[in-house]
Structures are given as structure tokens and as C-alpha cells.
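Below are the C-alpha cells for one structure; questions will follow.
Per-chain numbering from 1; labels A, B, C and D assigned in written order.
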Amino acid sequence: MTEITKSKDLGNGWVELNIGPQHPSTHGVLRLKVKLDGEIIREVEPVIGYLHRNAEKICELDYYCDSLIYFDRMDYVGAMNMEVGYLEAAEKLLGIPPPERVKWIRVIMAELSRIAAHLVWAGAFGLDLGMLTPFFYCFIEREKILRVFTETCGSRQETNYMSIGGVYQDFNDKIVYDIEEFIEQFPAKLEVIFNAYVKNDIFISRNKGIGILEPEVAISYGVTGPMLRASGIDYDVRKAEPYLVYDKVNFDIPVSYKKDNLARFLVRFEEMRQSIKIIGQAIKKIPDGPYFNPKAKKSLMIRLRGEGETYARTESPKGEFGVYLVGDGGVKPYRVRVRSPSFKNLSVLPVLAKDVMIADMVAISGTIDLVFGEVDR
Amino acid sequence: MVEILEESRGKDGRRILKVARENLVALMANLKDQGFDHLSLITGVDRKDRLEVVYHIHSLKKNEYIVVKTETLDERVPSLTSLYDSANWDEREQYDLMGIIFEGHPNLKRMFLPENWAGHPLRKNYDLLKVQYINMDENGEDYATFDSGDGW
Amino acid sequence: MSILLRLQSLFSIFGHYLSFILAYLLETVFMIVFVMVSLVAVIYLFRKYMARVQLRIGPNRVGKFGLLQLIADSLKLVGKESVLPRGRDDMPFRMAPVIIFLGLIMSFAIIPYGSLYWVGSLTITDSDVSVLLLFAALAIMPIGELLAGISSRNKYAVVGALRGVAKDISFEIPMMISVLALVMMASARTSTPLNLTSLVSVQFIPYGIPQIIGLGVFFIAMVARASYSPFDMGESDSELVAGHSTEYSGMRFGMFYMGMFGSIFLGSMIVSILYLGAYNGPFSGDLGFIYLLIKSLILVILAFTIWLSVPRIRIDKFVNLGWKYLLPASVINLVIAGILTLGLGL
Amino acid sequence: MIEVKEPKKEIPLIGTIKVIFSIGKHIFQKPVTVQYPEERPALPDRFRFRIFLSLDDCVGCTLCEQVCPNKSIAMQKVERENPRNKRKIYPDVNFGTCTVCRNCEEICPTDAIYLTNVFETSRTRNSFTYSPEELSMPEEEVVK
């Protein structure tokens, strides 16, 4: 039996504690090296890389059309947004624009996927705070969206629905009907979940004024998405640099100036309502036409050659998702670089979780909305 | 004013500025004063004979986007951590996967991989056939080995 | 006629002393069986209720409606290896679950259960100071939690134990003050106000009605004693993994688990005895036990619903709540009880 | 741009009681659980999992092997009379790594390889790979 190593003495009575990588509230494999002064956290150092697969290298070794499944597995709760992000870059690089109908289909699928991703976050955030039940209501709703995905493309979560220059299968009447039915019944269910959170005194007291993120800090750390908007900056890639057909639909960007946990919570819920609004408009405006670009069908799939470099930005559920593609004229990309929003959002945690209690740090890391497939790639 | 070697437009219509490595920090400080407050992405590209480092910056207020490129032959590039906080993790990641040494970085450790991992995976000459195994030592820190024997 | 005397008369052929010894032994066995069965029932109820609130089905594979699920679970726990951490403090580590379970059983022994049709009174121990005994027995359980926390050499466990202690001292005083108000009210009517049986017998109207504040304070204290959400800071699973019971496995963990569910059942029983008139009701001579069971089950369900729908309160906010709100409220309650007793002669 | 407002402040405790009540009310709703082996939910039409290979149509062009992102498909030599497949090579599929991306179905020039909606393909740990003959059989006939 070996000697038990004594705990490192940090002086001033602090204790070093490892939270994670296997821990119920870290949403995967985040490891936080925490220095505790009693209950109060003095220093946090996130350690990541436990889910690292180096998707960028794998994409370099594959054809342009194959890389898509690795993007599915980055933000695996909102896979469609990742596909849109990659295809925005790849289609520009390869010079294969999608037909008009495909753009509308992609908008609908991306927004459905955004709702699905936010629902996962909403449920898991409740679990972080110790609220067991809303999690199930969120997942019941999410399951309806995944059912629509299954009907459209045959897979539930890692859909691989889109392909370069089009989508894999066309919409039919049943899918349109199902989506319409979903967006009709969803807002009422969303209100039930929303009220279950915000009417709760304890929920408010756990979140109001906790984890204040100043806008200057947020910009300097490259924070984007709902976290940035909750700090009072109305920046959304869908408005700032419209891709697909986001300039043809009418929606608002939710902004809050309160900068705390509750603001981030409210912004995400408002985003879900706005997504419903976008889907409602898009499903009516969908034009007829082909659902793929014939230049990228069948065996032409693997013969696409790209040269030069592109960078495409899209608004994923977590924030600004960017893909930087460099091609050297071959059938495989020369360099793929992914700007993952969760990665940047996580880097602000040491600032947010300084001098707060353990319980607050769990709530703060819950509002960052981490998905580790995307942080570690 | 900083000397810009080359200015062009990418396929997506973004402005690309190319500067020498020595002028990088000066140019970035200049751009930051002009309102480009958001360092979005740092990318290292292995061009086989040289390493290219690409910085994507944009301005939230003016909604403009600029790509800044610089090149290095000896893997060394000045760090931007003094200007942007977001450079911290990005530079660590590029050091980890690409082997670019950012001079002046306060905490240049590997981001994803264990500290003693051999090689930098995104280099074009990285040997994919050499399998490395990750183990955990007494203190909970990871380390990489080439033999699979003592894994848990 | 209590259950003890009945058993004693059954064994009377063995002589006076031996028959009493046998009767006590058999009674203890009865009680432990009752505690275990009610624990299993409460856990089953909880799982089924939680599942239905969350729109699931719940256990339904083992036995009809999953009734045997808990038997299977406990068999699994017994059969599991109990892993002992290397750096533990051995004696307290092994004792802690036993202490918790012992405190639970002792508290169950003191409760007056009322009477059932032909069995007569089911009360096990009758003492003139059973209120004091009950709260003394209740105070044993936190010791087990504390021992478990500091002996298992785990930082999560230590923080959990510290939280547990901070929680305990912040609600015990308001709880005892509200009990004091009860005893004060009862002392006007009975000469032995510290006896639980006479405390129940003087509740012509349940004390929960004149002492609604006391009822609230006491119920919150009982939920906190059982470390149920929102007051489960000591073993909050999303922050401290499992708090003081992090390092436990096998049947030792099962004891903690049973202690948790047992104490919510116990707490509901105590609340219904002290405030809701326990076994009082029409035909209480025949159905008293049933009334007690129904009242405490309603409270248990209420506690479950609170667990399922409320997030965890932060420890410093709970300490605030205890000292700034519960303590003044219980003092106000005491004053009201005094006015009611002395001024109105209720 | 819209600014999200903080929710209306409730009287302390009343809001919490409302929440407890609204969540407790769910007990009267029907559970959504589908108990899988006994009751089977209706699968959507386009649901796909198991890869099926028509040996007669396969021309051995190896396109599916090239396009498979995980290298789950490898070509195997099979002694079989097929005038269109001169090289006598057919794909086998490792279902342990297959991600059901459907690229092979998309690229196949003769539609020889396609996906079916069979999904109960449990196998032991070391035999995820289906040989070309096994791929061409219905799932029930495959020896696991």
C-alpha cells in the first residue's frame, strides 16, 4: 500500500479542488481546477481537451463532402446549424451555389435545430440548479423536433441532411404539415416551461445579479451569441451579415442590459420565440424548384475542387460559428479551421466565476451553454 | 503608418492585409484603435516551407471585417494577448496543434493535448501512424506515452 | 391496551421478567419491519410519483406495477461491493451510516401511532417526556452526516458536511421555539405537555390552525432535516456530486438513501402529530392509525412535489432565511401562542 | 432588436406555490413513454439504418469506399458470376463505425447499395463487419 499523498498546501487556507471531468454539472467533460476559500471560489482554471478528436485534421484528410459529418458532431445538440456553417464556407470556395428552395429549407431546419439546442440547455440548466422536472418537459418538446428531422432525412440527431449544393431529400407535404403543427402547439408548452422557471422565487434569487459579464470584457474575450446579447450588445450574424435568406424574413434580436444569469436565460427563451416566428414565415414562403445543384450530385460529389480561401460566419445556437477553409486546388481541403463559439464563451469563465460560491459557479457555467463536442472539436 | 505588404480580396469579399511579422502588433494596435475590437479567430496554416498565421478581426459597431495575414519561417510570432483577451486561448490552441510559438504569451501551454505530446498534429509532416496513448499520473495530470501497456 | 402488554400476556407462561423481555424483543422486531416496509413504500411512491409528474411511467418491470423493484434494488445494494477509500478514518467511516439509521429507528420508536381496530394502541414507547426524547433522537442523524463527511477524506464530502452543519444550526432553533409554543399551549390543558400522547389528545382543533406560522416553520425545518430539495445543499448532486455520501457504495450508501427517505416520512409524521391532530378524527379508537398515515402521506406528497419543482437554495441564503425569517417568525408564533393560551384560555 | 424585460415580480412565495401547483398538475396527463419491445412506435417513412447491397447490380466501382467518411466500407473479393462486375469486388460494411451518413447510397451509380429501415441489428462486439453476402441478405437470415 503506497503512502497517501498529502494535499498540497496552498497557504492562506485555500483548498484545491478538481471539479470534473466526470461531474454531474459540467455538461460533458469539462474539468475545472478550482481554488476554494471555504465555499468561495478564488480561482478557476478550465482544463479542456478530454473530448478532443482533432476534427480539423480529419477534415483535411477527407473529401469536401465527407467533412460534413464531423461538423454534425461538433455541436451535437443543434447539428443543422453546424452543417449550415460549413456549407456556407464550402459552397463559396467550390463555387456551387444552392438553389433558392434549398436556402429556405436550410433556414427552417437551422431554426428548428436552434430551438432543439436551446431546449437541451433549458432543461440542463434546471438540473444544474437542482430542478428536476422541467428537464423532461423540454426533452418531450425536443423529441418532437427530432421526429420532424427523422421524417425529413432519416436520422434523429446527427442528421447529415445537407450536402454541398443542396439538401439530401426534398420536403414533402407531410413534413410541412408536421412543422406547422409543431410551431402551433409549441409556444404554449414553452410558456409552461418558462413560467416554471421564472415564477420561482428561488430561481430568481439564484440568478439575478449573479455572474455579471460587462460588455467590454465580453468583446475582449470574443464572446458571442446569447451571452453577448445579454450583455447589451445587439449583435447577431443573422442581421449583421445575412446569410441564406435571413434578410427576407422578419425577426428581432432579443437584447438585455442586465448582464447577469437571468438576462442570458431570458434572451435564450426569447430567441426560441423568434425562431418560431422565422419558421412560421419561411414555411409559407418556400418556393418551388430543384432541391440540389446538379453540379454536385452523384459521383461529382467527390470531384469538387476548390482553390483560394473563404471564411463564413453563421449564428449557431451558442454564438458566432465560423469556418475558415483554405483550398489548394485538390479534392480535399488544405486547411479547415473552426471558430467554435463555446470555446470562446468558456474562456470567459475564469472572469465570471471569480469570488463566487460553488453553487453560483455551477449556475454560471450552466448559462454559458457548453457543448463539449464543439469546445474540444 | 504600418507598411502593408499586400492587400487583396478573398473569395468571400473580405479585405485581406498582409504584413511582416515585425509590424503585426503595431498594425493590430492601429486597427483596434479604429474600432476593430473583436478578435474572432487565429489560424495557423502550414504552407510546408513556412507557417502562415491568419487573424480574423471585425468591428461590432461598424460591422466591418478584416483578415490580417503574416508569415514566419522560424515558428515564432509575437503574441496579441496584450491587445485582445481572446487571443489567449486561441494562441494556446494554435501552439498546441500547429506548433507556432507566440512570443510574449503569459501562459503558453498546450490546450487540448497533454504537455509531453510528441509533435503538432495539424502540421503537414505529422506522422499519423505513430499512436500515442494518454495516461493519468498520481496528481490527475495527463501524460502521453508511445506504449499502450500501462493504461488503466 | 398497548401492543407491549398484549405481547406480554401472550408470553405470560414464561414468567414476569422473561415475558417482558420477549415482548420488548418482539416489539422491536415488529417496529423495524414496519420502518423498513414503510421506507420501501415511500421510496416506491416517490419513484412512481416523480415519474408520473415528469410524464414517465416509472418502475414497472419487476413484479406487478414494479412493486418488487425496491426489493430488487435493495438486494442489488446488499450484493454490491462496498468500496472503502484508502485515506478514510476507519471507525467513523463505518459507523456513520449506522448512526444515521439508528437515529431514524429510535425516532420511529418514540412516535405515538394511535390505535387500530383490534390491535389497540400501536404506540411503542410511552414516556412523560417523549417530546424531548423525540428531538434528542432526531438530533442523532446529523452526527452521522458530519462523521461521514469528515472521515471519508474527500473534499466534496467535507464541503458537504460543512454545509450540512451550517444548515442544521440555522433551522434547529426556530424549530425548537415553535415546538415550545406548542408545549405552552398544551400545558394549559394537560399536566404532562411533554408527552406526545397527551399533546395529541388535547388537540380538539388541530394546533396547525391557531399556529399556522409555527406549522410553516416546522414543515420547512422538517424538509430541511430530511435534506430534501430546495434544502439539499449538503448533498447537492450538481455541485458536490453527493456531498457527505460521495465515497460510500453498496449497502452503506443504501443506508444513507433510506435515511433520507425515512426522515421525510418521519418528518411528515411528526408534523401531523404536532400540528394536524395525528390520529384524531371520527372513530379514532378504531381508525386512528389510518388517519395518521393519510395525513403524513399527504405531507410526503407535498414534500415530493416541492422537491420536483423548486431549484436548490444557496447555502448562505438558507442561513439568512433561518436566522432572519424563520427565527423571528417562530418568536412571533410563540407570542401568539402565549396570547391564545393566557388571554383567551384556548 | 427588442429588449427582453425581466418577468413581473410576484409576491414572495405565491409564485413558488403557483409553480409547485402547475408542475404537480402534470400527474393527470398521460405519460409519453413508449415501452419499446412491446409497443413499437410508427417509424417515419424516411428512417434509414441498415445498409443493403444488391450483388447483381454492384459493378465494383469502389466509389462507396472512397466516399465513406469513416472508412467503414472496404472492398472484398467474392467469387461470384456477375458479368457487370469483372473485378469481382464487392463492398463490406463495418457497422461499428458506420455513421449512417448515406453518402454511399447517394454516390452509387447503379443504386446497388442502399439503406433500409431495419434497425435491430444487434451483434456481438467483434463482428460488426457485414460481408457482401451478409449485406445482401435480409436481417433475419444473417448469422450473428
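Everything below uses one rule, namely that contacts are C-beta pairs under 8 Å (C-beta built on N, C-alpha and C of every residue); 3 or more make two chains touch, one makes a residue touch a chain.
Everything quoted here is computed from the prediction, not taken from an experiment.
Common neighbours of chain B and chain C, by the contact definition above: A. Centroid distances from chain B, each centroid being the mean of CA atoms, peak for C. Just to note, of C-D and A-D, the chains joined by more C-beta pairs in contact are A-D. Each chain gets one centre point, the mean of its Cα atoms, and the points for chain C and chain D are 50 Å apart. Note: centroid distance chain A to chain D, computed from Cα atoms, is 23 Å.
Once the centre of each chain is set as its mean CA position, chain B and chain D turn out to be 38 Å apart. Chain A and chain C have CA centres that are 45 Å apart. Among all residues of chain D, those that touch two or more other chains are 16, 19, 23, 26, 32.
In chain C, the residues touching two or more other chains are 53-56, 308-310.
Of all residues in chain A, those touching 2 or more other chains are 133, 137, 140, 196, 200, 202, listed in ascending order.
Of all possible chain pairs, the ones that touch are A-B, A-C, A-D, C-D.
Against chain C, the residues of chain A that register as touching in their complex are 1, 4, 15, 17, 23-25, 36, 38-39, 126-133, 135-137, 140, 196, 200, 202-203, 205-206, 357-360, 362. Contact residues of chain D toward chain A in the complex are 1-7, 10, 12-13, 15-16, 18-19, 22-23, 26, 32, 43-48, 63, 66-70, 99-103, 106-107, 109, 115. Residues of chain C touching chain A in their complex: 50, 53-56, 86-87, 153, 155-156, 159, 162-163, 229-230, 232-233, 236-241, 307-317. Of all the residues in chain B, the ones that touch chain A in their complex are 10-12, 14, 37-41, 43, 45-46, 54, 56, 60, 63, 65, 67, 84-86, 88-90, 93, 97, 110-113, 121-122, 126, 138-140. Those residues of chain C lying in contact with chain D across their complex are 49, 51-57, 60, 305-306, 308-310.
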